[in-house]
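Two complexes are shown next, each including chain A; its partner changes from chain B in the first to chain C in the second.
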Partner chain A sequence: MPPPFGDHVVGSFRILQFESEVSRALAEDTFLTDDLLRQLMGVGEVDLLVGIYSHSNTSTTSHTLRAIERSFQQHFTRQRAVIVNTCGGDKDEGNAAAAGLSNVAEKNVRLAESASLRTVHQVTGDFSAPPSAAMALRTILAAADLLRARACAVVSPATTNLTPDWIANLLRPICQENVDFVAPLYTRHKFQGLLARNLLYPMSRAIFGCRIRELYSDEWGFSGRLAAVCLSQDAWHEEPIWTRPEAWMAISALSSDFRYCQVFLGQKLQTTTGPGTDIVEVFRQTVGNLFWCLESHQSAWLDGERSEPGQTFGPDHELTSEASDLDRHRIFEMFRSGVTELEPILSSILDPETHAEIKSIVSLEESKFKFRSDLWVRTLYDFVASYHHAVINRDHLVQALVPLYRGVTFSFLVEHSDSSPAEMEAVSEGLCLEFERQKPYLREKWKAKVEVKS
Partner chain B sequence: MARQTDNLWYKDAVIYQLHVRTFCDSNADGIGDFTGLTQRLDYLKDLGITAIWLLPFYPSPLRDDGYDITDYVSVHPSYGSLEDFQTFLTAAHNRGIRVIIEMVLNHTSDQHPWFKEARSSRENPKRDWYVWSQTDTRYEGVRIIFVDTETSNWAWDPVSKSYYWHRFFSHQPDLNFDNPAVLEALWEVMKFWLNLGVDGFRFDAIPYLVEREGTPCENLPETHAIIRDLRKRLDLAYPGRMLLAEANNWPVDIRAYFGDGDEFHAAFHFPLMPRMFMSVKLEDRKPIIDILEQTPEIPNNCQWCIFLRNHDELTLEMVNDIERDYMYDEYAVDTTMRINRGIRRRLAPMMDNDRRRIELLNGLLMSMPGTPIVYYGDEIGMGDNIYLGDRNGVRTPMQWNGETNAGFSTADPERLYSPVISNAVYGSQVINVDSQKRSEHSLLRWMKSLIRLRNSFQVFGRGSIRFLDPSNHRVLAYVRQFGEETVLVVNNLSSSAQAVELDVRRFKGYIPIEMFGRNLFPRLGDLPYLLTLGPYQFYWFQLRRI
Partner chain C sequence: MRQTILLGLEQAYSNLVHMIADFLPRFLVMLIIIVLGLVVAFVLKYILRAVLGLTKLDRVSEEAGASRLLRIAHLPSMTVLLSRSIFWVTWFGFILVGLSVLGVAGLQGQISRLLQFLPEVFVAILILFLGLMTANFLSRTALLAAVNAGYPSPRILSWSIRFVIWILAISMTLEELGVARQTVISAFSIIFGALMLALAIAFGFGGQDLARKSLERYLGNTKKEKDKEPQPL
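This part shows the complex of A and B:
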């Protein structure tokens, strides 16, 4: 069952409870444990590295590990490969999940039929601090750097239908095409992934000029070069990347002229654990992260123009038509009440003209309501600029966007209740172009001197 | 000397494989002979080997390097006489060296008198000594072994207007073991050589002795019955002699040829060989561990024979397609190096003449379970000539010195049975016995010390093996144990320095003594034992509790 609002973004980690501890751990100069270092010594140089965060997904971790190992055996028989399982404080769980790997992979296969030439290494890394995706990724990047891995991927145990082919598809462009960042593409039903469709993708595409549909995903690939660059950056202590470091990594790649591509993986099924059901938390993790990335990578996009299509392996997108069980009326009511309640805050964020238009549509009847795409883009750009100028607390600012997104979602659901996937795709493309068209507006507001209101 | 009279002598042996033709020419006709070989026995004694395996030396048209025999109880005139052989045999025995000869049971040459008689008419008494058919569809589906040269296992005989069965070249008709007279005739052949004093036979092409419709015509129960019969006769009349099986099969299939200790005394472990090469190239112990874990226990009186290279191609029959492609890509990138399903190269060129890798592989050969076989010339790092056709590139004259014909012969170079290797890297001016004898750090000197060390400990030939499982998969470590002898072997399979931690708690309190230098290492304790190894370095530690 998809999460409310059709958002596909489901993280593997619970909301951080001990942020200060995470911050301290990420700031440590030496964050690799002696035990992990000892395991890495045993592995030596590798060609391929696949990392997983197994925290809180022990039940599905063994499936993920087997899929990775089978991928190595089927698709990369000659390459030196390692699986890095970061289990965030409970190594025993990670080990338990990994137990039986060799049994399954090796003992049931007669030697003559075995495809694996090499040992498939598996190392398990734990950290004493509370788990965070950033710490797990940093551990994986450090392993990749120390082992001089050429091609790497991260996959999620929360994805229950991960196949060996997915791993191969993520790694091959790096091995064969010298790509540095590989983003996934999934089959979606048409009301799934609306946050990506209406905000994350078109905005990142317009601003960074690179077309990556799934900037926030649980599966992606990257080169050893990119791993080394990201590892050396001084961003690990920044809160916005703690939970969704993958987008920061992607944007770091896009901002530094690393080559990127997208690969089609197919339909994704996943467990429903994590913060995906809490739209506010999802906004903090994704939109907040994107806004922070715009801030931290501004030199890379401020002077950029239109986006260019990137290389894609497989279909560019695939939508299936399925009925939506979302409660539109409730969404509209939450939009209306939210905007009303946040009136003072919105006035400090939005341009007066934008704010006036928002207020005018809030008063519309539900049946006549429509959130125009040009207004939505302008609203978002106002939010981005205000985030940049820190007109209010940035976390509050991101949360204030949630009611407006609900309005857009309601409008989208109504407009496309009977649309075909092709029609929806055409509309989405129009939204992307609107983001690109209004980019000068964002640039102007970004560079403007703003008086911060208290 | 107790070991010299031990009926299990083959378990402690270090066997040296050679062809009389290739070793030393005493009469300047360009072809090696028994007199020349006898003259070189002191070299072999000095090398430390304890047995010689002679490739076929029987009269033959030599269309398959002597495996096409025309007379089982004589010596090919090019190699000398029966008296020369007897002299050689006595001289070898006087030096404590045993002699193993070839027994080609499966087939003869089509020039053998038996076959000439058999094809002469369908009524001839020898007709049924071979396998005949009026069609070429019997035993359909049976694989062809020499895929590069043969298209069928049947060949048409225009004389008797019938097809005859051959698993190898068409000029090598298979004998019919369903005819008891064939077995009796071959037992007479064996007795002839046993009475002369040979110490063992290497039985060629064993899996193919018997044919049955609807089967792969390999490893059939009837074949095992034949072997048991011959073994029984051998043990009764000639105790202490041995039978060595050539069966290029998986260990579990070869295991059957040991029976209950009543078939072969020893058998080649074919699948291990390519995996040693694979492990070194992959820098990963997995291929070796995998195959040895699949190798079943064998009776106490039996032994595996292991080798790196031999007179044939480096066979890739016992690997899967992925492994074969890998071996080709890594060791035979020039397709001229490939033949049948294998690689026709010698050890040193395959190792790019890297002394460290050559030593590592020989170290593995001498320390793994089984009796090692050294192919002539590999002890000095001889090269090959892949342009000579068939597998002749690994059968060139032994390189004794830097003089004309490498000291192999005083005949004109044009008269030699094969040109001597003469290139700048492996030519006889560079690679030869005399120069390596004079160099303290030569491969030959090193091989002598390695063999001497192996000969000093029965554990290598008879001991159990237990693999350690350090996290560093570039390191292959195992413990050999036999009685009071315990040896820890640690091999770095990689081209770079490695650190490894070994769990040797069960040997807590033992003192490791590095066996080449006799140096003491820190005593083993409860903690993981840390070792660092240079590229391709290996250690042999004798573990002593003092």
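This part shows the complex of A and C:
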């Protein structure tokens, strides 16, 4: 039976509207390439979009693409779906990725197997050189906006054990619960992710009121609405978000009253690419990014109050405690020498009282050493205020925090060598509350008129 | 005889009157130029102070380490120093122009030479300031990198970098001013060459172990050392 005439008219109108939007995008000085726009026009509107940055991870891209495709086949059989693959530099890479998705000659469109009732499209954003993470995300957001995708996710080929369920878990809260930002939760070793545990999570929670444990992750989900808002923001040229745009996206969502949630994904295995444990690079990418977000979103948090717990699907945390080969003595020595050698720099960043307290604990013996949580919070708030007032070069300021973080790490390792996950959680919760308690101190220092120290 | 003396005196008086009549307007013009210069210099000084205040030069100077040097030399802040400099340079320029109006023989050449030298002084000050900024920035970059990587004696490394850039900046400044050009270039080449040779010999003979360890660290064992710290994310 042919469809009613009204449906036909509405359908035609939608197609015309979509084509006019694409034409408008074409007419504008868009950053999308002609080839990508052509591919997107061929796809039409979609319900789901999953983006990946396949550059520098050629070997695992095929696995990731297969996982996404299976996820669509198993969990979203009725939805129209597209995979946006951004790659650059290596021509073989794009070919390998396409081969991973399909063996048919035409790489951009293929019919999904048995269960799916819809076509799963793949479009490839091919850059002449590997794009930055921000550029890749911007391309994915622009594609989501053009294709009017309702639910989107970004996954990383660097995650070697990505499963179809992970992708479904990231997309489902957006489709079913009208959530706008979905952050992942992973199973962690108890001494893994200490930067997130002792700095990124408690600080972002206290300041922005967002209880997202994995603010810096390689997998996350977002709604089409949030994609449009982020796309329209004038932040894409900012250096701090080039390598880690995801936290900026989460904070933008929270600042605009979008809904967020966390979903538990499981244990994550990664390839060895990326900054890994190069602590200075990790600090630049995450702490530098968070400090910049504080600066750029100050209107959202300066008058904000306590954080509210968000929705979490699955366990809030899961820790394992296998034996680990960590050189505590070396960490402590690097803290001690760092504080001593960087004294002139730290004196220009820290409040004199805070600096004096840090110098006093440096002289303690290793066995008696403890970096108190109140001192750590005050230290961080001094750093944030100094970053805001640009007391010294901001990149240098972020790097100067590394030795102090080592002190906190050493203290944490000693304190929790035999702790249970529940005990560690209790201590972490206490740290979060300390960050919230000292927030007025940050406000005061933030608003204070800067004095050039002699 | 008496007539001749009277005529001479009359001539001298007439010459004096002519000279005064000729000199007085020029002197007045000179005074006007100097007073005008004073006003212009004051205006420029306050405009520059306001502009530098807006651009937060003092903070940049503090960050570059230039303020510390100024304090050691008992000099005021960078903004005050530059605004005072512009005042004096402007006024001095006007004074020279005013003096040239007097038309004193031999003074014209000296004045024009002095005026030609002023831009070089400015360029020299700029080179010195940029040199100090670069030295401070790079030495701090080296200090942070060395401390965070756990290298021994990071301050020596940092100070070496600062010292080399200072020497370079000072020799460039002196060369710009044309002070003992050949001597400065030779001295710089000798000091820099000697420093590099000393470092190479010291590293080659005295630091064989250190060289081996450094190479091992860069080429092979980086991951092992990093693994001894917990994964931050």
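The rule we apply is simple: the second predicted complex is superposed on the first by the 403 of 454 C-alpha atoms of A that agree within 3 Å, B and C clash if a C-alpha of one lies under 4 Å from a C-alpha of the other, contacts with A are read in each partner's own complex, and residues count from 1 in each chain.
Operating definition for what follows: contacts are C-beta pairs under 8 Å (C-beta built on N, C-alpha and C of every residue); 3 or more make two chains touch, one makes a residue touch a chain.
Worth saying up front: this structure is predicted, and the values here are computed from it rather than measured.
Trainee: Quick one: is A:V402 in contact with chain B, with chain C, with both, or with neither? Answer first, second, both or neither.
Mentor: A:V402: touches chain C, not chain B.
Trainee: Just to be sure I read the superposition right, which of the two partners does A:R118 touch: chain B = first, chain C = second, or both, or neither?
Mentor: first
Trainee: May I ask you to decide whether A:M41 touches chain B, chain C, both, or neither, giving the answer as first, second, both or neither?
Mentor: After superposition on chain A, A:M41 lies in contact with chain B alone.
Trainee: Once chain A of both complexes is superposed, is A:R78 in touch with chain B (first), chain C (second), both, or neither?
Mentor: Only chain B is touched by A:R78; chain C is not.
Trainee: More residues of chain A in touch with chain C or with chain B?
Mentor: Comparing touch counts on chain A for chain B and chain C gives C.
Trainee: Using the touch definition from the top, say if A:M334 reaches chain B (first), chain C (second), both or neither.
Mentor: second
Trainee: If we count contacts the way the header does, which residues on chain C are in touch with chain A in the complex?
Mentor: 58-59, 62-63, 67, 71, 137, 140-141, 143-145, 147-150, 154-155, 226-233
Trainee: Note which residues of chain A are touching chain B in the complex, please.
Mentor: Residues in contact with chain B: 38-39, 41-45, 77-78, 80, 106, 111-119, 121.
Trainee: Which positions of chain A touch chain C when the two form their complex?
Mentor: Result: residues 191-196, 216, 276-280, 282-283, 286, 324-327, 330-331, 333-334, 337-338, 341-342, 345, 390-393, 396, 399-400, 402-403, 406, 409, 413, 450, 452-454 of chain A touch chain C.
Trainee: Show me the residue ranges of chain B that touch chain A in the complex, using the header's touch definition.
Mentor: Touching chain A from chain B are residues 250, 271, 278, 282-287, 290-291, 294, 318, 320, 322-323, 326, 470-474, 494, 496, 498-501.
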